[in-house]
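Each of the two complexes below includes subunit A, the first together with subunit B, the second together with subunit C.
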Partner chain A sequence: MKLFWLETYKTFSRWRTYISFGFIALIVIMTEVVMKLSADEILYRMMRSFQKDFLIFGNVLNGWFITAFIMNSLHIHIPFFITLVAGDIVSSEATAGTMRLLLIRPPSRSKIITAKYLTTLFYTTGLVIFLALICITLGLLLFGHGDLMMNYQSKLRIVFIPEAEVPLRMLLAFTAAVWSMTVVASLAFLFSTLAENSIGPIIGTMAVVIVFLVLGNFPFDFFRMLSPYLFTTYMIFWQRFLDDPIPWQEIARSALILGLHNIGLFSIAFVVFTRKDIKS
Partner chain B sequence: MQDLSHKEVVLRTVGLSKRFGKRWAAKDLNIEVHRGDVFCFLGPNGAGKSTTIRMILTLLMPTAGSIEIFGINLYKNRHAVLSQVCGIVEKPDFYLYLSAYKNLEILGSMTRSVRKEEIMEVLDVVGLKSRAFEKVKTFSHGMKQRLGIAQALLTEPELIILDEPTAGLDPQGMKEVRGLIKKLASEKEMTIFLSSHLLSEVELVATRMAVINRGELIAQGSVSDLLDKEPVEYSIQVSPLDSAIELLRKLPWVEVLSAEDGKIELRVEPGHASELNRFLVSNHIEVLSFYPHRTLEDFFLKITEGTSEI
Partner chain C sequence: MAGILFLLSSELIQAQEDPGRYLDLIEKKYSDVKDYMADVNVHFDIEALKAPDMQAKLYYRAPDKMKVESKRIFFFPKEGGYFNPSLFKKKDFDVRFLERLIYDGRKAVRLKLTPTDTETSNKVYVLTIDTERNLIREIKISPSEGREIKAAVEYGMFNHFELPTHIDLQLDIPSDEPSGMKEFTQFGQKTKRITGKVEITYSNYKVNVGLTDEIFKDAEPHRLK
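Right after this comes the complex of A and B.
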């Protein structure tokens, strides 16, 4: 536990750690302000496909809707911000030469790597919670509240979630988002144990995430067959908590697959780190 | 020769070897460091000093052999052993974005809880107390080196391992670090294992030494013992010169090499230095100067057969 707090202290003593928080705040504030200024246009675009068939009352463009919209839009940005720390946490010690100082201390390598991994997960969780808080708080302040309308265009469905249920659904959705992002963190962490500079793990992780996302979204049979084997396919399982009814089985399966990825990636990082020779 | 049989062995390596690919960086090293030693590990660049130190500090896994510290197998009882050992490997690198104090607090607390007074005390010992709360990125190389020694001292280890502790320092900095090493050994009774390729430094601080070349141990013992095994060349100024030369040529353990400008160059078998002086004085030869050419550098160059890159 002591090692975990030491790692956390070091991580949060670096200004680099706060870049992600700063950019997320900037993106969310800019998006929500622009959306507020363009509210009529957005509402028109949202409704035009089904306004002939339905009569919709109430505040549709509310803070909850805006939060879900931003979450949908940031599935590339958040992984990038996560890799800034996850890809750096081990490799930066090698670059700076401080790895030598750490590893000649009594705590074993297994304890040190576990503490670093827990710190990575802590940072990832903190980043997603920060995103949730800023999205929801600003969204509710600027757009007010109401029922959450989710338009699943690919399934030709519109789902309305009563406002009373939305906070719990959002809590579950953000918890799932944290779980999804831990896989990106684990991948960046693994690359960080393999590299001796921070750029490689950051670029490497983003390359994997982007390539997997692209492959998973090609509308061809071959890529559809490939899709179940790409972890990015399961990373959007947080959206299922905003569906009705909630597909628990699908959620459990996605969560399990992502969890197995976490275990696998951390196990490889653990073995690499505990056995490697420190030559730098 | 100094009797070391009664001295506790603090560090012992047995058949310690490390191979990188096909190259042996260290091969079959059997080193013994005794309690209270300032033990100097000497060798040219690339001889295997850092590799050996990295194995002793668990940064590299040996290919073969074992390491015992305080009589305990290092790799089987890593935590217990390393609680009593500290060191610097190559250059002292710190978290540049943290203060000297915070660096020591983090590194020290990985061994045990450290109090603020303890941190300030070691910073005082190395002369950095006034800079305790400044970020390390503002420190010069010499200050970082001293901070490195401070972190090694913080948890009061019994054995300190220093890899090239004066590397990159100016003459004043080197003198300060040497003084600190001597002080630690004499006042705090710590055992110090240090590597160096600076022969002058070794002569000034070491009590015992080992010489490594191309990964193999080629000499080990006290500095004086190692040097006394070889004939030593002297330069002497005497009066009257001719009588002295005549007398010296009669001695079987002296070889007169040259005599010019009132100075005689001669080679003396080991252990006869004081006898030579007595002999000349008792034969009414006035000895004006008596200068040995015996240096660690000669010894080192001889046993490393010119492979040194120093």
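Right after this comes the complex of A and C.
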């Protein structure tokens, strides 16, 4: 536990750690201000399937909707911010030349790597919670509250969630988002144990995430067959908490697959780190 | 021979009678309805729109002012969803007689209404009118854009006026997909359609209460370009 807090202190005493928080705040503020200014256009895009045949009353563009909208847009970009720390946490020791010093001290290698991994997960969770807080707070302040309309354009479907259910659904969705992002963190963490510098793990993780996302979204049969084998396919399972009815089985399956990825990636990182040769 | 003569005579009667008179009778029946307000409940049974029942208060003032008041988000069908006695005026349509029939155990006629001014509207309506009570029981809208809407209306008596208590709306409309998706779906896939049923229930009617302009001031729903 002491090691974990020590690692956390080390991580949060670096200015690089706060780049992600700063950029997320900037992106969310800019997005919400722009959305406030172009509310009509957003509503038009969102409701175009229904606008010819339905009159729509009420506060559709509310804080909850804005939060879901930003989450939808940012789930591709958040991994980059996560890799900034997760891809650096082990390799930075090698870059700074502190690896040997670290490994000859009393705590075992397994304790060190576990503490670093837990710090990575702590940072990932903190980042997603920060995103949730800033999105919801600013969203509700600027756009007010109301029922949540989720527009699944790919399925041409609109799901209406009564406001009373929204906070709990959002809590579950953000918890799922944290869970999804831990896989990115685990991947970057593994790459970090393999590399001697931070750039490689960051670029490597982003390359994997982007390639998997692209492959998983191609509307061709071959890629559709491939998509169940890509972890990125399950990373959007947070959206299912904003569906009706909530597909619990699909959620459980996605969470389990992502969890297994976490275990697998950390196990490899653990083995690599504990067998690391520091004599050469 | 007698049968042929009967058929000819009924055809002759139908050709001679002015089908527009059925619209006149409805207009006359509701000429005293100046305004009304009612509670409305909308139930959706549409795969593309997963929503619980929505409630609102609807205000109408002749000839065409309508306002929906709801504290929450409210979807309301543009066509056939509310009762506007001034909608089907004989002067606005070219009316064609289609058939006589028995609807719900009562004598009825089916008329086809084509707008005389095709620039403002290209929607063709087929109305089924209960000729015993002068009530529009069914409205079928088939405009040119491939959308088909059918409304079946049930009435109740409120302040000596027969007003709708239940409208059963069946929709079969093409979805307006995002352009990117159209590009991907053009290979052998049909454009998706929004189909399903919307049930609208009206209650607590208050007729001719003197609704003022003030009520209809902010009547606009979300203006979608």
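Simple rule for what comes next: the second predicted complex is superposed on the first by the 277 of 280 C-alpha atoms of A that agree within 3 Å, B and C clash if a C-alpha of one lies under 4 Å from a C-alpha of the other, contacts with A are read in each partner's own complex, and residues count from 1 in each chain.
Just so we're on the same page, contacts are C-beta pairs under 8 Å (C-beta built on N, C-alpha and C of every residue); 3 or more make two chains touch, one makes a residue touch a chain.
Worth saying up front: this structure is predicted, and the values here are computed from it rather than measured.
Peer 1: Comparing subunit C with subunit B, which touches more residues belonging to subunit A?
Peer 2: C
Peer 1: Look at A:3 in the shared chain and tell me whether it touches subunit B only, subunit C only, both, or neither; answer first, second, both or neither.
Peer 2: first
Peer 1: Using the superposition on chain A described above, determine whether A:164 touches subunit B (first), subunit C (second), both, or neither.
Peer 2: Neither: A:164 stays clear of subunit B and subunit C.
Peer 1: Which partner does A:225 reach: the first (subunit B), the second (subunit C), both, or neither?
Peer 2: The answer is neither, since A:225 touches no partner chain.
Peer 1: Considering only the touch criterion stated at the top, classify A:277 as touching first (subunit B), second (subunit C), both, or neither.
Peer 2: So A:277 only meets subunit B here.
Peer 1: Report for A:147: first if it touches subunit B alone, second if subunit C alone, otherwise both or neither.
Peer 2: A:147 sits against subunit C, while subunit B stays out of touch.
Peer 1: So in the complex, the part of subunit A that touches subunit B is made up of which residues?
Peer 2: 2-3, 6, 9-10, 13-15, 96-98, 100-108, 275, 277-279
Peer 1: Can you list the residues on subunit A that touch subunit C in the complex?
Peer 2: 40-41, 43-45, 47-60, 146-147, 149, 153-154, 156-160, 162-163, 219, 243-244
Peer 1: Tell me, which parts of subunit B touch subunit A in their complex?
Peer 2: Within the complex, subunit B touches subunit A at residues 54, 57-61, 78-80, 82-83, 85-87, 89-98, 102, 106-107, 109-111, 151.
Peer 1: For the complex, which residues does subunit C have touching subunit A?
Peer 2: 47-52, 56, 68, 70-79, 147, 149, 171, 173, 175-178, 181, 184, 192, 194, 221-225
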